[in-house]
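One chain, chain A, links the two complexes that follow: it is found with chain B in the first and with chain C in the second.
Up next, the complex of A and B:
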């Protein structure tokens, strides 16, 4: 019965993806492009020998943010402040990395990123549990001062003296994550893979993960079962922000080894990550798969634009169509059925 | 001869392996109240959902007034004049009655909601059917019984001619049930056809013209109610003889296990507290039953003991003082709790049965080993509870919500009894449970008591309290107003106390000090209209109920308190 259900679930997802692709093809054809050619360009662009590196480089922060946001989402808590935590993690990592030399500096920078993001998200959690301001509001609102602070820091105290751009100085060579490719892909990849693996194990196999899921199933049931909601909220948000901060640190500890204002916001890591987590109902593996898929689609989109002159925005349309189809079929938008 | 209003022929419905409806034939005449009975999981809700277009039958036909129809959605069934109140409520608590009634079928004028027409139409219906509510009342402020009437209003507003009510009385007090039946009789006389699902034999006798019994998806009996005896119905349902009104032998109480002193819970509105200075104790090997008209503080009392509501006063389990502790600590100190609201509080409907049954056991062996949860052990744990308590489910991986209402209750009961906690708080243990299973649950509770545990039982069924409890306390307006030992508990005296007219003699004579004091006070206060009260104890109680907005405060109150209860 359960196996059947899972099989049927896979089937509906398959059908949704296929339907979205057909619709995408029609859209492409409508703009005068050859849909097959464009699709081929996306696939080679995303997974071809050159493309795969770009896909991975983009997938690392997206998957990292997706997992970070999935952690509280498992308990039904939405962290909308991913951007602030990401940026704060990144700027803290750079600040520490510029002052602590050597390999110790590298570790200290990663830890600083994690701490900054984690503490900041924990503050948002406390605003809910202590002051009663909804988490949606506190996380989102706290995001803006964090981004502004970073913007200020790289314009004034931390500014790279040799440049007119709002960016920090470059990190010294021994405070950099070893590169796997020239495009910013670093061993940070393994850190994210490890984070996803830890999340998967904690979610499925530990009491803490179980309690998060129970909270997600029903807050009143969780309270009745003795699960302390404020404490759960605080812990989950701290982990979420910590991972977001780590992602920020990993990004700035890779090429070009500095904090550039806006560089973490423009690529939409956070929002694409949130989408992936929402679509996968925060399940650890599902979130990873969805994040990789979106990353591939985005980097494939760049390739398509180069090869076929089809505007890259069409992949964004495709992405949107896909999200709507998936959401509709997986019941994300469906109202919860009342108990019988 | 006129055509039957509803005719179901050869209805078959499968859920995977499980045959929920097995060639069911059902004929309902126009203007008739037709009761549908059967054990939990017999397929009653399934059959009604098919008639209402929520489920499609695998085989069989539906005819209305002799015309064959096919419903592929509830919308089609509604258009054909069928309306259904499903098990449990589907209302928006924060909205007024009108909005709830017109939701989904709003009258419009020039494309905009025509609020005046809506209110007028709803008022007209309220008046015509003599309902006791105002269209502008907020649903959340209404007592449960009145909310039920809002559900019926919804159907009438949509011009339903066939009304399906799936266990509408499960959450009602006897007086509210009587009111509902009056409404149903009027509707039937008006030409409406009513299909009523219920587990209660006396309700079937009281209100229905015809009764049909399902067992394992098949019709085992159908016929005019007047020609059918209670015993006959019970055996058609269960396939065996059932001892209907059993009173269990008294227990042998030992040391005090649960002591509550001066417990006070603030009411929702300022002024009268929901629980007012309640003191009581339950000894090991004893069941203490709390009787009372719903909404007199029973739910809040239990929630406060369990740590779900903030309260003043002291609660001790064994030697351990619990005040100030959170739910988890209290449970660890020896409390288990079967809550009234099984769909939202007692279980997670969307989660697997395994997970529902593991909750609460997930921080200790055998489910936990070396810091990790063992899925094998979780499964075994679930299978053991399913087996021991006779939960009928497709399997341990089935989502909780696919279980029938009564089987969900058995699963929750099984989980909480398995804790072997010294003190068990149990609310409405047999609500929505079939009569065969009622006996099973009662036997379990008695066995639990006889194993030396203390049980605090809250039930709206007076017969249940009388049958099980070694001592009966009566709550009225948040206070314990009377206490009866098993030997002196007679329904009349208890009914009187429930209505606020606790006679001085009974309470003063036998009660322990604390209860006696409170009872004396109330008896004095209520003295003026005592004669009136004696005349019609339950009727009076219902009026108190209807005028009282505190009908169901636990839901919201528990949410408000959040985790702050700790």
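Up next, the complex of A and C:
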């Protein structure tokens, strides 16, 4: 991309952010709050001394899912089944963690989460390469049975006997990730950072990463160049699902150290992660930055609600509006370029 | 186990899915991959309840839902058609926006969190069909549904007629199959795509009204609970054909109602929840296998 193109790209993002902010200010004023005060609360809530911990705690699953979904996206493959892989990884990690004692149990739980998510995503890939059903469809369709299975397990066989809620028993103290803060932030943070680093290196420096990018530029060209498409699909999906499963394991191995039905779905980690990956065109660093930005907006929203009584859902609205503006303006940019 | 009440409840359960799936099929035919059905339906639910509550008339509520669904789908239309944005990005964003927006509005408009219901909130009344009502089995199954259920039944043949028997339908399918060819023949591709997305929004609005004013009389956060995604799946399974979409929706409705019965004898609800997705996946395997073998035979006969 030449310098002019890059300037125009930055300008587009700037315009989209500004438009979303103006709309947010109008919405805030409509609810009777002071927009500046609310914006200040968001910023201190997201980056202040206490806020930064909440931002990081929320950023771990979001950035993890964003990276997981970016991996196949690099080759133009959309994995819509992140929720199922995430939940399956989480429930497998708890199942293993409750039965294998000691530090070995912790490692086994993490591996189990990765394996469960990875194998499930690989199954979706095989449905495309062997049975001819599009990946977009198989990943989405397989996602819901996985969530139902986890919901069933946590209600019946794995239910915490002393509780009336659909939740598993608590993991023993030595099968827990060491905490970095009191809000659920664990050393899982470093695992996600490592995953992003590995993705960045593989993407930029290895034949496998190059093959994925070439497939993303043009699947038919890639085939002509001798890239084995079914194998690439299978490998990318296994990595994607494996990381999604690992994210699930990291979440349940942190506070409150158990699987609670819906706790991984309600915060919309997967969809926000997918949007971060889509907006950054699956570039490793861009995906991370977008995921961190969304995490900051969300934790800032909680602070805004505490201080100004404006419902925190407003930040979810802002987030979606921003994405819509960005998607629309990048589309416009693409259309102009192809017309020129 | 199997009686008239089972089929009757299946018809109620499938209506929101059917209306949304018809919207998806219409968009698919014009070459728009619409995954915003879930969010648009949710906006319809909220607008229906709000309109019904403030006017005191359920029909104003239905109209509000219809208009809100149409207006909301304008985001997707402007984003994908005018600005050529990615339909999947926009669809996912529109769904997220709907969850955030309705949760935000339920607090600012109704001043509660989570859900809103009131005994005086007007809902859709059952409509008894004069002669049909007295037919022994059929009467019990087919009569006594909300008016929107009957609207959805009429919508299927109407859509089939428009798509396959009218010039406008031919052009619309042309826009979906070969946009360049359609444009070269003077068909305004963008205008057709705007049309289907907005019409789809209206249908999703009605789906939301049926869900929030017909099946139940309340609004709760994220109450569509994946029905819009099931509708996307129904479009795939029904291959975007109006009657095919109806068949897929009936299958899902029956599975839901039957599963509800089976829960009485100990089958977990989660098995029923998963059923539509598993059934669809299996059906797609069969379809694609048959399609490939047919293609293979054709290739051998030609060469």
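Simple rule for what comes next: the second predicted complex is superposed on the first by the 321 of 340 C-alpha atoms of A that agree within 3 Å, B and C clash if a C-alpha of one lies under 4 Å from a C-alpha of the other, contacts with A are read in each partner's own complex, and residues count from 1 in each chain.
In this text, contacts are C-beta pairs under 8 Å (C-beta built on N, C-alpha and C of every residue); 3 or more make two chains touch, one makes a residue touch a chain.
Since we're looking at a predicted model, the values are computed, not measured.
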item	value
Touched partner set for A:33, first chain B, second chain C, both or neither	neither
Touching partner for A:141 - first (chain B), second (chain C), both, neither	second
Partner contacting more residues of chain A (chain B vs chain C)	C
Touched partner set for A:220, first chain B, second chain C, both or neither	first
First (chain B), second (chain C), both or neither touched by A:274	second
First, second, both or neither for A:323, with chain B first and chain C second	second
Partner chain A, residues of chain B touching it in the complex	16-17, 45, 86-90, 306, 308, 326-331, 337, 339, 341-352, 355, 358-360, 362-363, 368, 371-373, 394-395, 397-398, 400-402, 404-405, 408, 558-559, 562-563, 565-566
Complex interface listing, chain C residues touching chain A	75, 78-80, 82-86, 88-90, 92-97, 99-101, 103-104, 107-108, 226, 229, 232-233, 236, 268, 270-271, 273-274, 277-278, 280-281, 284-285, 288-289, 291-292
Complex contact set, residues of chain A against chain B	1-2, 4, 129, 204-207, 210-211, 213-214, 217-221, 223-231, 336-340
Residues of chain A that touch chain C when the two form their complex	31, 78, 127, 131-133, 137-138, 140-145, 148-149, 151-152, 155-156, 268, 271-272, 274-275, 278-279, 311, 313-317, 319-321, 323-324, 327-332, 334-335
